[in-house]
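Inspection log for the structure reproduced underneath, given as structure tokens.
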């Protein structure tokens, strides 16, 4: 029975990733003909690329307004009612950051990746749960990899 | 459209910033089931597998050794919690991360075994899980691009379905199928179940089936046929 | 009526009717195969007998788990009765219940440590891949009626006629699913006689048979409610007897398929069913 | 001087214009990767090629072009990294098992007399760790971790990895708890948001740093076997 | 004339360098040559980042690029050694057989 | 403004050529060469991230690529050492 043989072949572990990738590939090809309408009313929109840097903003490209500890920055989140201190993280600058941003125009990213800043607001506050998961994923991967490495690939004890 | 025609009326929400968890009877049932099984796993010991040996009349007993047992139980509990979380989350991207976490933990549960066949299956499943991140995250991103939001409670209020949303959700479904490794790419996963340690194997199966069921709810929320 | 009493009544009905239907199925099969066969109430008697017998636990079993898994099977099917006849809740919940049923089936096999149970477990995982797509007919129903709530589906059918006529392929898919859940069916690879009935050999049979009866009743109940709709109790009973007899005919005349082929047959049927139904819906 | 546009109402037309080319690029790259995997017989090559698929995924996510998209790229990246690590380890474990115990890996003295390798490590490591500490948070962790990793790989000393390992892993676990506490403070006591922010930022920083340096320990064992 | 000179900006030069590096990495057969071309490629990346005026990112990139190069060098040398050793072993075995 | 498009399309070209190169480029049957070629799409992606001004993502990506390279090379060397037939 020919059909039976095809079914048997498809059930071999080694073939399945290949089979799966073919299926995903076929679906992806459909992406070329699907009309793609981009909704420009997005959450957390950002200014045109390079706009802030061209205007010599020391906090480019992550300047969203606000003054440290007094006024919150502008954040367009989904549920502002669920985040009591929204915008404060964005507006926060650590003392070092204030110092450095006064001396140079090209401070850019580093200021905002120190505690405070827009990405911190999203990563730790409004979408903080995502980061919990994300670091859990990393941790689990490390648990798995390090366990296997310690017990099998590095020590290679008899077992 | 209202979310209550799918899983029943909303019984409550837990807001965590932009990520809002919601409970309908449907979500609550699966949440409770996942937690119940996780609790069961936490207190159970493993079985020892008895196999007949070739050529003699003796039996061979395959046991899970202590260190391996602890690691696998830990991973299984994490997997159970992740499944429970995925059942109630109301955020598309949060869901994808839960699914990925489940995928990696599933690989981990069988990664410590000694059978080559099982390891091979785990590796192939891992490959699928890695390929699956493209449709999974890509699909979520396309849905975000087409709707402007990834909160399911917001998406459900959009009255129409664009073709990009449909395309995104097909990709998303493929991604979930790859990440959890059940239908229709079943053989890799079934091969993994030959190893001893049944409570842990339960969680692999539990997570993938419940995730598939939940994905179907999510897809029905995103795509509105009428 | 008091909710608690309602649940109790419905569970009792489900159990009794389910058991007798399963007994009836055996009888029909026996007659087709020119045997006298056991009496119709045999399944019911068996269940009681197993509740009274002393239980034995294998030394190799994974302990609290081994017992809890059978209790879990009972719990989920009682939950199904609550969602179904008692509150007429969401179809998606049935989907979830069915998924957990597959999980329990799988783990009942692996928790005893017996190699036969293990094979049954591996096959349960196999067959899950086929049965979950089959269960996805619920989505076709949703696409057709625009709701997942059972009471609304019944109302829809009162207005537009039975779904059996408008989406026959979906009904066929669901029927294949029912078929695969019946004893001695060509798709029952998890309980095949080649692996000594799989997980069923080892476990507390009383609980297993109890939930088996309820699950059989519930599957038929869902089929009748969703595809024919608005029946009175007598109508339900007649419908169940007819389907059981029909299933018995099929089971008596077919062998058990090889696991791969069983799964792939189901997947192929599911594929045909889903694609066909979607095409029918679009027209 | 501050910018004229802080937060626009709608996404800038430049980004909207780039959306289609970016998504198509992502799809094309994904297709190339998928096709190559589909005819790839060798498992190691298939693993390497999944990286391409991951790049396709990141392009599609980035194409949305908002701040949200950027913060979604980060998890995508981490998932990719995590899965590659776990799966490559499983592949090695499988192969070692396949070869059997008799295959003794011959210790291979590695004579690398390159100037770069003796002077560069400390310098680079110090710079990177300092820079990472200054950045803190997610990126800081990655950068400082990279520094330690580099140092550990190239260092000639060959210590006892298991002990260091457990210490590092424990530290990163504590850091993870730190970060969880920070996250909870945000919602339980929003008035202490500054404390929460610092806990989160440094928790993640320490965690990511130690994770990356664990890779280094793994690598040292690999390359510096005497 | 000046219009042509206008084209010589950091961006365009980096783009050209990037393309050259790409072709080099793909086309050259030997791993060591590839590593050298990779450095050119990374130089192009740093140039582009500088053109975007993100100096601190450029700094990080400039630090990480040599690290990647060194990792590649270690890997290549190591793998070369293994292959040589294997070839020698094989030759030795054949010698014994002969 | 033109700069943005230059970066973006250079990135696109790099990503596509690079991935084709690491799939069917000369000598890619050697895993080391394949990993080396994989650096090209990685740099292309960096350019695309730069276009969208996702600087923090870019920074993290540059760091992560190094780690991924390291992991892959470790696997390659180890498997080569084993003489594994995959």
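Chains: A, B, C, D, E and F, in written order; residue numbering restarts at 1 for each.
The rule is short, and it goes like this: a residue touches a chain if its C-beta (ideal position, glycine included) is under 8 Å from a C-beta of that chain, and two chains touch if they have at least 3 such contacts.
Computed from a predicted structure; not experimentally measured.
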(message) Using the touch definition from the top, what's the fewest steps needed to get from subunit D to subunit F?
(response) 1
(message) Can you identify the chain nearest the overall CA centroid, using each chain's own CA centroid?
(response) B
(request) Skim through the chains and flag the pair connected by the most C-beta pairs in contact. (result) A-D
(message) Please identify the chain with the largest separation between its CA centroid and the CA centroid of subunit F.
(response) C
(request) Would you kindly say which chain has the C-alpha centre located farthest from the C-alpha centre of subunit B? (result) E
(request) Could you grab the centroid distance between subunit B and subunit D? Build each centroid from C-alpha atoms only and quote it in angstrom. (result) 24
(message) Taking the mean of the CA coordinates per chain, how far is subunit D from subunit E in Å?
(response) 21
(request) Measure off the straight-line distance from the CA centroid of subunit A to the CA centroid of subunit C, and report it in whole Å. (result) 44
(message) Residues touching two or more other chains, restricted to subunit E: which are they?
(response) 52, 54, 57, 60, 64, 67, 71, 74, 78, 82
(request) Could you list which residues of subunit A touch at least two other chains? (result) 10-11, 14, 17, 19, 21, 24, 28, 31, 36, 38, 40-43, 46, 49-50, 83, 108-110, 113, 119, 125, 127-130, 133-134, 136-137, 140-141, 144, 148, 153
(message) Residues of subunit C that contact two or more other chains, please.
(response) 263
(request) Note which residues of subunit F are touching subunit D in the complex, please. (result) 1, 4, 8-9, 12, 15-16, 19-20, 22-24, 29, 31, 34-35, 38, 41-42, 44-45, 48-49, 51-52, 54, 56-57, 59-61, 63-64, 66-68, 70-72, 74-79, 81-84, 86
(message) Show me the residue ranges of subunit F that touch subunit E in the complex, using the header's touch definition.
(response) 3, 6-7, 10, 13-14, 17-18, 21, 25-27, 30, 32-33, 36-37, 39-40, 43, 46-47, 50, 55, 58-59, 62-63, 65-66, 69-70, 73, 76-77, 80-81, 83
(message) Touching residues of subunit B toward subunit C in the complex: what are they?
(response) 5-8, 24-26, 29-30, 33, 36-37, 40-41, 43-52, 61, 182-187, 189-190, 193-194, 196, 198-199, 201-202, 205-206, 209-210, 212-213, 216-217, 220, 225-226
(message) For a test of understanding, state which residues of subunit A touch subunit D in their complex under the given definition.
(response) 14, 17-19, 21-22, 24-25, 28-29, 31-32, 36, 38, 40-49, 51-52, 55-60, 63-65, 69, 73-76, 83-85, 88-89, 92, 96, 109-110, 113-116, 118-120, 122-125, 127-142, 144-146, 148-150, 152-154, 156, 158
(message) Help me check something: in the complex, which residues belonging to subunit C touch subunit B?
(response) 60-66, 68, 72, 76, 79, 89-90, 92-93, 95-97, 99-100, 102-103, 106-107, 110-115, 118, 121-123, 125-126, 128-130, 132-133, 136, 139, 142-143, 146-149, 152, 263, 267
